[in-house]
């Protein structure tokens, strides 16, 4: 692989023309064509035990043209196994450097600190580079927003770098010089405006300042769908100034979330997950954990983690918040508890809050009304948690503004003729702007300069379009949620001669030749004491500039305004960013499209969540189509019945329905929820829901979610089927109280007596003994591990149709089960990858010994020996093996520049070969060789698997079980430790810590937890 | 020829039940058996041309499907996760099962001195070999990288690797290849004297050459016969345990695994019974038209059909017992996985139909065979045999697909839905089978004439009921029911 | 009735059978040999764009391997030197010599020299030079006596079976670290004992070496 | 009982290329009796040819019982050993690998293949040894020169007293044959 890599990088002339030509031929039949053969008439009551047969489709060719190109656009691969396809390998060339780069050792990756800029906020990353090819990013441990962890979008960003769908040519004029002159011309005249996304970058701010100096009449607007306007407005309401609130979940004993998905949304989500999980880490009865109450209308991963989850409609949050605030003695706050909220629970909640004396957090959701935020601030200060768990600091944005107001103003200005030419940096307003503003029409009327990574909706309607650089391609800087500045360094020169925002503004200022490097440096040369080179080297190396964290500020509560009356109607519609592709900026990323969404396991689609009860009244079931109407706008959406969804509340996710503008992966996927999203009610509104004709096959990677039977009995087949999961003791869960009751041998961890007995003597694992523990108590099911694994192990994307027939390739999956009451269920998340059983059932059945054990206990899969009988998969109780039914990975013969992204240390698998989690054996081997060359043993924590490094909850622990006092041994020693399907005597090396909840003792009757 | 002298104490047995009609002579046997083979191509009956054309089309479909498989991959078929084994293995087991009756008739019945085997063993053995050919191709086709299937054989290689002998799949490799080669040997050895006959009867020099080479210069010398009969007996003695071991091994593909519904000790015996069951069904499907079209009624008598039907009934009941035990053990074990598996088989929304359909085909449909009238009615026998063949295919469908769909972790449950190619490969293999069959009945003597002559000899000297008589006496002495 | 076949047909038939048997045996053996040698181009010198002579540089001048193959001790791949390395000397020595034309051109036009690969391990095999060098495995064990090769050829079949010979019994090949780069090194008579000692001294993990995961990932 | 009258063909065959004298019979009883008589008369080198295996004829003609059974038995043992050794050697000695935590020599797993090898060796020994000892393939055989021998595979039974029998004398033997009540007696050349 490495030599392959060398060849590629050194004589890789990127044949853009060829790729374009390939892509142009890509119109194919719709994905799910033929899937409707499946008659899926089950009613909503059985929806959970309904198992949609994963129908295979009689398709003409393996991966049809469109799919192929989707995959091409999504994930391509070097053929590691060419010699399996072609027995005789052709003679290869070795192409060395002419001048070898500094500090580069061929075959050794280099690591660079940088940051991904998401909605203006920085997420620190360490990017891995092989011979100059960025192959992977991981979190930067020194960065406050990441602490070394990742989420799906961060891991997948490297795929975005190589995406051949990225815009590659300047449109509107001959070259960049022409663009520059045109831009300067426009700015010189009157009515010039700049539209950016959220700006925290000091350099960009500096340049903008320069622009306003040079062109005083220039206006600046910001619009970014990721921007949390309500939080901003809330803080204005509460304190009169747009301060930023920072929470410390590590210190909190009681957490009340008012519709806040703080584990899954916002620039601090990874940091908050870390803090939250560390507070809830339990290995023995000595440990304690915080208690989380969540009030939300649609299940989120935060809600799934809740100890008490309350399902309420969006419009009721205000009332509930008001009631709570009133009870907590916030002046002027009042509200009546809705009847569908369990009063007893709220009382207990209040008691808890009081008891926590300051070690509590009340956190409102970004989508909630500003008034709710104001109440939350008031409550936090009333509870005295400010300074303990809640902190305020100045807003770190260059200009904190309400973006919805901004786009409204911009539209008005354009129609008023005040703005005649517009420079758009990165944003895609024609897709994301609220529909009622009719921004598109206004936009097309004027001279527009668009800078973006894709030739998207906005680009298509612009006078000029210039390709924008990917964050791995340019120098830049950005602030983290807490203000810490990161200098972002490039790993590779721009693929498609894109331009960075800095270069664009420089060009605007008349210096079309300026490099981002120079521009970014200039920002700091001025105000750095001491040796600049030292400062620069340290800052760039560390990935953070020391001491740039925003200082805390004192805030004084203003008196509460009038309680707003939120319009409520029969049906409320709630808008959410998609958990994977956010507002659509990552829509063309195959990894993010194929990663199963948390809780639902849906791939390649967005849907309308409705509650079971609502589905009954509407008479619809999964895959049916409903029409959502807001005002005069309406959209058709496929139904997904979501347990725990508030009644008469529909939740839709943004970012889909990109038509033909987003690239070959995203085109035609899902529906566009923006068309019913208006500027005055951007996040939740009132609308109509009616059943529409037709069906749309939604594909999920899991078809049975039921944990237990609703009726509790199992004398009928349906109930029996429901409750089988429970009787299999797959998920073992209990409460902290139960653990403390029997700290030695908790019954819920060992529901059946297990005694290990075997006819065979055990193998001794003397050198290393690798093992893994997954802590289900802290796992949020955020999918970070899934995508991290995909990127590390060259796992292909297979497309919706292949997933539909049960051929997804992810090596690690997150099993999700719903238990208890359908209207407000408990959620159980269980990441499952190869267990590396010591008595692996897969091994003895392989006729060629392609899967065997090595002396360190790894269940190794030898791809090049595998003939593909698939017997191992049949015999694997955990069904973690993945099979290349078709040539998913790309062969060298047809490889494009996307192949450069592959990890050269992992073989790429060819058709007809089985694959599975390898415990990242390549990392173990590298660690081993490194250690041996230095004549020592591998240290604890030196070898980290991809999933482990990504996990923001630190739920995955990996290491050598023979090392005394290693993290893994302490976890294996925990009383909560259990083996999945251990009674099969497979002796898995991966085990689980039972799922612990910490419900309010006052609310627990028997084992029944009220919600 | 001399008229039969029959022992006085033998009860008279009605004529239809004779293993060979009265009045047959050495020569007449020869003529009946050899005539269809010796016909000049122009004289070949029309039904033969029709038959082989249809079968040939099936063969073409088979080849097309194989090409599709090799070019596109397993992905073109219905297999998926968790149902990693689909039609390939179903058909493999189905064909292997069919093969078994042939060996059983020729080997086991020879050892048990059943004279009625003689006239049908040749055809049955041919059926065995063709079925094994169809079966043997499936495991090779169903692997992901067919071009390296030889890695399953122990051969000198540059990797320094061996097959993994713990795997039942490698047991299959040995079992199937041994079974195929031994069956062919057994069959060929049996054919040698008849080749000699054809050589000596040949009117065209070409046929004389053709059969002259095939018979290896057989001259019927007594020393040759002496060694021949001993070798033939030993081959039979080898084939009988072999045939039992082969299907037991197939059963162990499932029984040694961990999958609930596969991991049953009942599997080997009930697979063997099922194999014989399906095998005799296929024998009847083939023999009934054959004896009619070639006018072999006099040597392939009702007696043969009747006995085959009886065996079908007996083995069928064993299979039904197997189903019962599966259900009982699942319930009795108290293991949730097993229980759920069996309940899903019986009541699962997707596949209950298959279970009840196979219960009908293999359990209910054979009950009429208790009545002699049905057993002696070729039409009914033919229909029932067809139903049984379908039922046995369904049984494998339930065992392979329905079981795999629902194993340990509900999160990984899946579905299975075969594509066009699954079916085309299946029906194609039937085409392959019948192509070979039609070539066989045209080119080779479909009845072992030299062995028939032995029968004629015994018939002429002791009466055709000689053996029954002998056993009847023996039974009387032991006080057993006759 | 006459005989259909002439009397000598018996002999013919016998010859046919025995001939067939002999032929099969010969075929199998020859194929086995073929797979291990010619098929792998063992011992076949490979022409290169530049007539670089290891015999001259390594043998006569005694330049250390690591002068050009710098990463051999620290990385998986023993890198092929960049043109820069050649020019380090040849900007002074034998400038303008026709044999160096390609090197000069590469330097001037800044285009890499495309060398032909001699040792080509399959892509799914992860051979690591540093691991072998540091554990006392000499270059010449695989590459033969490079110091005597004008044009380089593959000295060993490089089949998995061949790799395993040593991975199963490293004591048979391992040599003192200081001898690793010595092309003229000869195994001593007491290789068995010496090997055992070195294996212990270098902490070579005999258990791990023959594992699949050691070379395949 | 023979309805056919015996007649003799006298091909003028030179003694050196005479193979033997052959008598043709129509029934099993005929040839059995003839063989017995011939043996009594002291003929050793004789052989009978029949369309099917006739019980007892081999003793009548004076053939030793075959040793095929023993050969097969020992080859079966060899097959058993080979099969087991192959598996034991490759798993325990040649490349010991940890397969699913099972012992290296998990002999219960070897049973099936060992058994199959036993059967394979035995069956092929039986078949090939039989052919080999009978000298097959043997397209040419002097006995085929016998007039009317094509019925030897149909419905006639032949007894041949070979010229190399030391008691053989053309005329005597022919006369003796006549006494056996055959349907025909003929001289057969090599």
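Each chain carries a letter (A, B, C and D) given by its place in the written order, and its residues are counted from 1.
As a convention for this text, a residue touches a chain if its C-beta (ideal position, glycine included) is under 8 Å from a C-beta of that chain, and two chains touch if they have at least 3 such contacts.
In this text the structure is predicted, and so the values were computed from the model without any measurement.
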Counting C-beta pairs in contact, which comes out ahead: B-D or B-C? B-D
Where the centre means the average of the CA atoms, what chain is farthest from chain D? A
Chain B to chain C, mean C-alpha position gap in Å, rounds to 54
So, in whole Å, the Cα centroid of chain B is separated from that of chain D by 30
Distance between chain centroids, defined by C-alpha means - chain A, chain D (Å): 81
Between chain A and chain C, what distance separates the C-alpha centroids? Give it in angstrom. 47
Mind pulling the residue numbers of chain D that touch at least two other chains? 95, 99-100, 102, 106, 109, 137-141, 144, 149-150
Contacts with two or more other chains occur in chain A at residues 841, 844, 849, 852, 854-855, 865
Got the chain C residues that touch at least 2 other chains? 1, 4-5, 10, 164
Quick check on the complex: what are the chain D residues that touch chain C? 95, 135, 137-141, 144-150
Seen from chain A, its contact residues with chain B in the complex are 38, 51-58, 61-62, 84, 87, 702-704, 706, 717, 720-721, 724-725, 727-728, 730, 802, 805-808, 813, 815-817, 830, 832, 841, 844-849, 865-871, 873-875, 877-879, 881-887, 910-914, 981, 984
Over in the complex, which chain C residues touch chain D? Could you list them? 1-10, 13-14, 17, 164, 210
Which of the residues in chain C end up touching chain B in this complex? 1, 4-5, 10, 28, 32, 35-36, 157, 159-162, 164
In the complex, chain A residues that touch chain C: 1-4, 6, 10-11, 78-83, 89, 91-100, 105-108, 766-767, 852, 854-856, 858, 860, 862-865, 905-907, 918, 921-922, 924-925, 929, 932-933, 935
